[in-house]
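Per-chain residue numbering starts at 1, and chain names A, B and C are given in the order in which the chains are listed.
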Amino acid sequence: MSTIPATHDAAHGHHDEGSYLTPRGPFLSTVVAWATTIDHKKIGVMYLVAVLTMFFLGGVAAMAVRAELWTPNRYVEQVQPDGTTQTVLQGDLLGKLFKADGLGAANNIYNRVFTLHGAIMVFMVIVPGVPASLGNFFLPIMLGAKDVAFPRLNLLSWYIYVTGSIFAVLSIILGGVDTGWTFYTPYSSTHAAGHWNVVFMILGAFILGFSSILTGLNFIVTTHKLRCPGMGWFDMPLFIWAIYSTSIIAVLATPVIGITLLLLIFERLFHVGIFDPAMGGDPVLFQHFFWFYSHPVVYVMILPGMGIISELIAVHCRKPIFGYRAVAFASLGIAAVSFIVWGHHMFASMGELASAVFSFLTFLVAIPTAVKVFNWIATLYKGSIAINTPMLYAMAFLFLFSIGGLTGLPLGALATDLHLHDSYFVVAHFHYVMMGGTIIAFVGGLHHWWPKMFGRMYNEKWAMLGCALVFIGFNVTFFTQFFLGTQGMPRRYASYVDEFQFLHQVSTVGSWFLLLGFLVHLGTFIHSLVAGPKAPPNPWGGLTLEWETESPPIEHNFHHEPILKHGPYDYDTTVPPHYDPADYPLDTSTPPHRSGH
Amino acid sequence: MSHTKPTHHNGDANGYDPDNPHGFTYVDHGHHIMSGRTLLLVLLALLAFTGLTVGAAQVETYMIEVMGWSIPHWANVIIAMSIATVKAILVVTFFMALKYDNPLNTIVFLFCLFAFAIFLSFTALDLGNRHRVEAYRAPQISAGGTGVNLTRKTGEVNEKGEPIVENIVGPIAGYVRNVTIEEKGADYVKKKLAEKHPHHEEPVGPSRSRPQRGLSGALDEHAPASDAAHGGH
Amino acid sequence: MTSIPTQHDHQPSPGDPSAPGWKRYVAASHFRSAADEFDACKLGFWLFLATEVLLFAGLFCAYAIFRMMYPEAFAAGSHSLDVKWGGLNTVVLLISSYTVASSIRCAMLDKRFWLHVNLIITLVCAAAFVVIKFTFEYGPKWAEGKRPGVLFDYPLWSHPQEPIWWSVYYCATGIHALHVIIGACLLAWCLYRSVRHKAYGPTHYTMLENSGLYWHLVDLIWIFLFPLLYLIH
């Protein structure tokens, strides 16, 4: 500001400071304005819509997977009315739906559906989900900046994301992919059916990688260069620390999946043989390539979730976060350790020496992760805990993520992993971490920031009901899978022995509750947009900078460039700005009463 | 390098300096104008090192193949990679001007090299040491592969104008040679191979005859003689 | 030196059509100054370069692992490459790196004529690199049947694993050549902008600087690819 005074503000335009959501002109030009916007808030909302769309698609696949597993697929002898016996296929729900011919074909459809679920949920929902939507929206605001460092690049990232998703959807339309989201060679490179669907799915993931890289790069530069005056590194909200660590991982790990998928496409199209044992290549090399990216990316998925939880707990407990620096450095620590543990995905395919080394290193991850969990719990202690939806989600996160994290230990230990490898125990573990961690935090964060993003409050009672349904449904669905796994149910099978049927059915019933919970949330959000009461600028009494601007924020985020005068969690010394205690009674366990503002 | 002083002060009680918002000692980065002489000298050094590395490789080849000296197989890797590293440092320092730039950029670059090192070393830790604990883990992949069971177009067309497709049987290298032997006879291939390697004894240099390790167990003398890939060698 | 302005002295005159493009440039409004924007763009670009290095890391890693597994195939494959062309391409790239660095220097000194001359030499070198690569290296090799993977059709191999060598060779140099072409396009765009709009001068040359960094990275990768592929037998 200081060096280019006059022209600067003129170009910038402080004349019309409506909210960023205010339509500018008729419908069509508003649509064009959104499609060409370089405003990080609009891009964040566009990401949110795109990610939720893909979440819906992946969710449908998940429900289909659970429905298929209600009964095992198998042939049974059936006595016909005329007295003869006939062999008929039973339990192939998806097979019948898609008119598959025979058991093999029916199982094949199941393979495609779970691959669809995995690939969409990983590449298109969980990896970009939090950073690209909530991160895009709030990172600049929390830093007190007008925008991300490279706004046009930001828009480009969104278009790249959409292009990648279109390729993935195209692959589904062409018949889907049955490789699993890991694309292991040589199955994916040589044997998997459908030439172009496999190539398109891989190409989609490859393109999505660019989106991650560009978003990560943008966030790193923004964090370095655009912090508002007065904001040093340790005045940043912990959400920013988490997004920053995430971005480092995304920038350093994603290019490796880029070259991996590129080589896989070459392999598929030209049979170059680098990953194909039939040509003297090495499939385990592919696994190393793949997991060098895909393990760090597990932390790309969870770190932003952890960042959200740090915000939720501090704000809704009204307490300075316990051990701010420890939590901040734990984010960086997790990012660093994430690069040296990928081998634990490959204990069954590696040599013993490397397995032992990786097993040892894997346990290092537990340290910074536990630091975070303990600090959150210490923050809760003697805090003025408000019982509302974001806080309930934060509690759910602590509960579910702890289970997910602790069940990771037997998987990191070499001896137990070889037995649990590729069983439902693994499925349950990573759903507890990815869904119980990231998605739960995402939905919690969405409730926390919803009033800020859209300027409307939601109905707290219905939101809490949705949260309860999601929590119960989630545990019913996935806790049973720990038992299935330890009893020997392998993952990725459409069929199973009779002994597993009860637990599978319990799990499927759980998935219905989960669905119901998300539908309640969807209804609550739509109701909020249509008829919700107007949100005050700071409904929760937060101290980070996004609560200093209006709800929804004005086009340029702040009327004046903010100057940071207090830390993000100084609840003991600072009165939150624009805060009406009537919004947020501290001493009640019932949802706060909201009168229309 | 005069930094224009701000015309207004955002009144601040905490000693905040708008000219230096993050409390860093501000260093003026990236506007260093390199002298033409330095650039030219760097170019000359790079060219000289290129000559050196080519020369070194030829000297090594000469010593191994003609004079029969025994040079450890890693020596030429070390020499060539050291020279390449020196060249890379020259390019990064002067052409890319990291020396005069924001140190943060250097840190970014070093971090990425660090990630590369982790990637390479841990992958090699596994794939180079699979036989260390349990020998049976080692020979999982046979040299030349097991054969792709694929078809490929020969590039020629039949009388109907359709491309002629051939079935590849066995590992690709062996298949290609067998096809040639069938077409032109074994003597032709032998003669051609002899022309290609005028003194076709087993190469003396250690870099060409060191024992196989790791996954390539099938390459050593215990490999099955029937392996088509080994025919004609 | 003090007479040469830098970004800190940037006083944009956007309304003055007679001023050259670099004087008319206005920094984006969310940055504090043009210098800050320049620094941010460079940091962003270095992060991008880090991703490029790690992209090639995969290829280097594949090279290292297969070389470890099949040293003889890699020695044989390396022998069938011509050091002459590889060396010439190295020299070409080094010279072009020098001219790019010089062109940035000329931009900083406001010598537009020499800026253009340097960029044109760079583009000529880029074209030379690609022509040498395709006509003297890929072309004859491909015609002989020295091709990657299942396309391999060279009966006179010395080692059954040579198809993998050629896969690594074509993937690594092919992706590198793609980067050469992208880099040349960036620099051609810079040349166009400079000729048409006088876009780069002492206080604004961000795009030129970053395209230059990209070009140096392409050079950097080749500095390692050259000895690995051509020299280490």
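Everything below uses one rule, namely that contacts are C-beta pairs under 8 Å (C-beta built on N, C-alpha and C of every residue); 3 or more make two chains touch, one makes a residue touch a chain.
Note that this is a predicted model, so its numbers are computed, not measured.
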Selected interface, B-C versus A-C, where C-beta contact pairs are more numerous: B-C
Centrality ranking, top chain (CA atoms only): A
Whole-Å gap between the CA centroids of chain A and chain C: 36
Centre-to-centre distance between chain C and chain B (centres being mean Cα positions), rounded to whole Å: 17
Per-residue multi-chain contacts in chain C, two or more chains: 8, 32, 35, 39, 43, 47, 50-51, 53-54, 57, 61, 65, 69-70, 149-151, 160-161, 163
Residues of chain A touching at least two other chains: 1-3, 224, 252-253, 256, 271, 273, 276, 279-282, 285, 288-289
Sites on chain B at which at least two other chains make contact: 3-4, 21, 104, 111-112, 115, 119, 123, 127, 141, 143-144, 148, 150, 171-172, 215
Contact footprint of chain A on chain C as seen in their complex: 8, 10-12, 14, 26-36, 39-41, 43-44, 47-48, 50-59, 61-62, 65-66, 69-70, 148-151, 160-161, 163-164, 167-168, 170-171, 175
List of chain A residues in touch with chain B within their complex: 1-3, 5, 190, 224, 227-232, 248, 252-253, 256, 271, 273, 276-282, 284-285, 288-289, 292, 339-340, 342-343, 346, 350-354, 357-358, 561, 563, 565
Footprint of chain C on chain A - complex, ascending: 1-4, 7-8, 11-12, 145-147, 149-151, 153, 213, 216-218, 220-221, 224-226, 251-256, 258-260, 262-263, 266-267, 270-274, 276, 279-282, 285, 288-289
Complex interface listing, chain B residues touching chain A: 3-8, 10, 12, 14, 16, 18-19, 21-23, 104, 111-112, 115, 118-119, 122-123, 125-127, 129-134, 137-138, 140-150, 171-172, 215
Contacting residues of chain C [partner chain B, same complex]: 1, 4, 6-9, 32, 35, 38-39, 42-43, 46-47, 49-51, 53-54, 57, 60-61, 64-65, 68-73, 75, 83, 87, 90-91, 94-95, 97-98, 100-102, 105, 108-109, 145, 149-163, 209, 213, 216-217, 219-220, 223-224, 226-228, 230-233
